[in-house]
Amino acid sequence: MTERKPVKLQNHSEDSPASAWRSALNQIIFGAETRAGKAFDIVLIIMILLSILTVMFDSIEAMRNQYGQQLYGAEWFFTLLFSFEYLLRLICVRKPWLYARSFFGFIDLLSILPTFLGLLIPGAEYMLTLRILRMLRIFRILKLSEYIREANILMVALNNSFRKITVFLFTVLMLVVVFGALMYMIESSESGFTSIPTSIYWAIVTITTVGYGDISPQTALGQFVASMIMIMGYGIIAVPTGIYSAELMKSQKSKPIDNESCPGCGATGHDFDADYCKYCGHFLGEDD
Amino acid sequence: MTERKPVKLQNHSEDSPASAWRSALNQIIFGAETRAGKAFDIVLIIMILLSILTVMFDSIEAMRNQYGQQLYGAEWFFTLLFSFEYLLRLICVRKPWLYARSFFGFIDLLSILPTFLGLLIPGAEYMLTLRILRMLRIFRILKLSEYIREANILMVALNNSFRKITVFLFTVLMLVVVFGALMYMIESSESGFTSIPTSIYWAIVTITTVGYGDISPQTALGQFVASMIMIMGYGIIAVPTGIYSAELMKSQKSKPIDNESCPGCGATGHDFDADYCKYCGHFLGEDD
Amino acid sequence: MTERKPVKLQNHSEDSPASAWRSALNQIIFGAETRAGKAFDIVLIIMILLSILTVMFDSIEAMRNQYGQQLYGAEWFFTLLFSFEYLLRLICVRKPWLYARSFFGFIDLLSILPTFLGLLIPGAEYMLTLRILRMLRIFRILKLSEYIREANILMVALNNSFRKITVFLFTVLMLVVVFGALMYMIESSESGFTSIPTSIYWAIVTITTVGYGDISPQTALGQFVASMIMIMGYGIIAVPTGIYSAELMKSQKSKPIDNESCPGCGATGHDFDADYCKYCGHFLGEDD
Amino acid sequence: MTERKPVKLQNHSEDSPASAWRSALNQIIFGAETRAGKAFDIVLIIMILLSILTVMFDSIEAMRNQYGQQLYGAEWFFTLLFSFEYLLRLICVRKPWLYARSFFGFIDLLSILPTFLGLLIPGAEYMLTLRILRMLRIFRILKLSEYIREANILMVALNNSFRKITVFLFTVLMLVVVFGALMYMIESSESGFTSIPTSIYWAIVTITTVGYGDISPQTALGQFVASMIMIMGYGIIAVPTGIYSAELMKSQKSKPIDNESCPGCGATGHDFDADYCKYCGHFLGEDD
């Protein structure tokens, strides 16, 4: 969820003067303010969607049998296109290594690797759906700053409640292990409780109120214990919700984070009064 | 959710003097204050309910075989009745085009079209159940203003949390696509994971804790990943609830919206200090 | 959820002097402060539990085949016992008709009728489980006043959010009808969507995230629409929770209701400063 | 969730002078501040995890057939190891009886008993998974005090809402019994409603929105009643969440509890201003 405002680099080129075309490319690829930058983003998102549709269609057997060749071609077309884009990003960013290690840099790499991996390991190409994570860039072409502020509020609340939710999940984990073992002892393997791990899986299915029904207790005692797990699960769902509601109400008053991206490494999340990137030290010029 | 208070039109007939019967008809059809207006509304709601029951009965095979003729007749009877009512509404409203384009105007049209469409496309007549949306008028004959105020509070809170919920749903969508593809790779098609779209459908069934069980993981790894999705779904249901709770607490203090409908186009949602309709500019006379 | 504090009736017997034994009986049956009153309540609750167990065992075929006679006898024993208790209650209360019409009077009657009805309509005796509602009296022998205060807070919050929840349920109802009809048109009857009512049932199963899986969409389009309903259901569960959370936070500050019961008719819910019963006008003596 | 800070016992040895090695052992086993204490905790947690894995593997039939002997040996190895550790704990604590009766003392005993019980009752050894409860000690090697504070906030909120949640669960219990009996009367035993207890089990599965689907109504009336239970369950899930959210918001401001453990009996939960253990009266020395 980054917003990258390209800065007039020539104004404060402290370390090395950027060539004009790199600066322009940076504005197009990373920026969303200029007309070219916006167009680039829209084309990119359409490409991402098309490439995901290609992967999806390829997984449907009837489709693969009929259009296998074309889909395979399209897959490679999108992969090469995104590889080229990835190279351009590396070139036009001032500190490529920092971009490559950033969240979006990692996602961008991840969205081209599976095709190459698919040559070695059959089936790996389906992880191309990881490309959907690139869709996070969509917030840049929407009225982004507002959405990012909202996302930040949600994230801050999540961060603040992290410890409480860890404690909660730990408790759920222990409940699930103990009840799983208990049900394994009560129910026979005919009902589907074939081992403790399977019974734990069943307990998770039950306590989260998913309830597939592929495994379900048949004995009276088993149904009684299962009822207790259900009511417990029904009750304790209140805990994370309560935690998060309380946190969100607090964090809605907290100061939001600046959403501009660093022109040097593309990182975001700087404080509003920050003048330099906290990751690469690049000047976060605000002279326009 | 409209409240239409018929205004003494003769007092401020700026553009064209309404004939007496049109004004009276307006009071009966759109108003709920007079005895005739209330009676009209009650009869209308009974008719809507009966017409929906007709459609439902017609969909039950045993019923259709035995009473097919009568049900077909009743369907046409209600459709012609509602068509006539729709025409009356168009006639007695001062700006018919604005009414036709309003929410309720659209619903009113939608509730007669399927029967005619059913002549061309068999099965389309089942969309007559859209008539249930006309039931929203029921709030007019209940102690409406109170209910509408409550509904407004709920809507305002939904509107204010729209962006947060968009961000949330977007995140869920991405999780579901990535996990769907992952499960497609892990599980064989014998367990029901026949394609990535189907696996995404399964992931939605799981993350929302619906859990039909028509598709469910059979391998140990698949069950492990599924457990993670469930716990995730169990945890993140806290997010929309937290968002909405926090928003509702704020909006309960916010100023409610005026619920009177415009005598010109029937639109509602004007501010309390509004003197003219914001859609058609008609005077929202409050001289009584 | 009543608390009945027997009052020294002789001190303020305005209308008719109660005979000593009726007053003593009142203290035992309706009171929970004296040793005899507490013992009566405990015995009563044990009897209620035993009678419910009898009904449950009677419903298990293997049990009925073996102990049918004994269970039938026990059923009549408890019914006659509770009938006798009901009569005693009518006798020792000063205004029997008001007691009979009160919530608990109604429950007490309901818990003896099904046995008699079972003579006429086979199967009606299973409604004896309504006796469980008598268990509400259990709050009297626990540290009751605290529990009743909590229950009151929950009830007040429910009452205050009644209109909001009505609006919400109405919206859910309409969604479910429209989506049910839509799915009936999309899916064939082989998947279980045999009629619109059945499809509406499926939509409720889905939107509430219960998800039995006895009926589930098989076509791609059906699964897509179902996914939308699920995500909708997942999102709008936030609405009642938000409503109730916000309301509960407000009502926790509101003044609680007095929980003493009227010695005349047994009604509760009087304001703290009330001197006379608001239902029968009896003096709510507080002279001890 | 205990934090045990070993106190320099020689400074205030009021009752009996502890031998040096017992004091040192206490620091290693119960403490987490010294290097040796931390190492002991980490080794312990690894042992616990390994022993649980052993039990799980033993429950998988294919594993048991192949590695039965080794798994049986490992089980006894871990049990003897934990028995030895339990004895050490008893020795180095000043008041062993109080430790043995404490929460963690009980858990420690529980995690060795099943193996011995398994000699008498086949299958009892699966309850060795109760060892997972020992994992609660993990909070000691994490930045514990913060997690324990969070856990305390969650616990305080749960305690405060205990009565409200009791009232809520009681209501759910009664709904479930009444609706279970109702469905037993409506549905035949072919749909799975074979007895009232089974029907109550179904009602719990439904009202908690788990929905296995192993039992599901087939008649129109049954589906109608089931729909009502679902919508009820969907609505009342708001109640515990609302209760807990409201409570959590209050308790976040309340004063946290001191997390130091008593050097005498290992108990925690003392108030911040407590000078002596509230369970054994030992001095909670804070002179370092």
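We call the chains A, B, C and D, going by the order they appear; numbering starts again at 1 in every chain.
We adopt the following convention: contacts are C-beta pairs under 8 Å (C-beta built on N, C-alpha and C of every residue); 3 or more make two chains touch, one makes a residue touch a chain.
None of the values given here were measured: they were computed from a predicted structure.
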item: Over-half contact-pair match to B-C, picked out of the listed pairs B-D, C-D or A-C; value: C-D
item: When chain C is superposed on chain D by its C-alpha atoms, the rotation angle in degrees, nearest 5; value: 90
item: Between A-C and A-B, the pair with more C-beta contacts; value: A-B
item: Classification of the chain A:chain D interface as same or different, half of numbers criterion; value: different
item: Centroid spacing, where centroids are CA-atom means, of chain A and chain B in whole angstrom; value: 33
item: Centre-to-centre distance between chain C and chain A (centres being mean Cα positions), rounded to whole Å; value: 47
item: Residue numbers of chain A (touch at least two other chains); value: 197, 209-213, 237, 241, 243, 245, 249
item: Chain C partner contacts - residues on chain D that touch it in the complex; value: 163-164, 166-168, 170, 173-174, 177-178, 180-182, 184-185, 189, 194-197, 206, 209-213, 216, 220, 223-224, 226-227, 230-231, 233-235, 237-239, 241-243, 245-246, 249
item: For the chain C and chain A complex, residues of the former touching the latter; value: 209-213, 241, 245
item: Touching residues (chain side chain D, partner chain A) in the complex; value: 52, 55-56, 59-61, 123-124, 126-130, 132-133, 135-136, 138-139, 146-147, 150-151, 153-154, 157, 165, 169, 172, 197-198, 201, 204-205, 207-214, 237, 240-241, 243-245, 247-249, 252
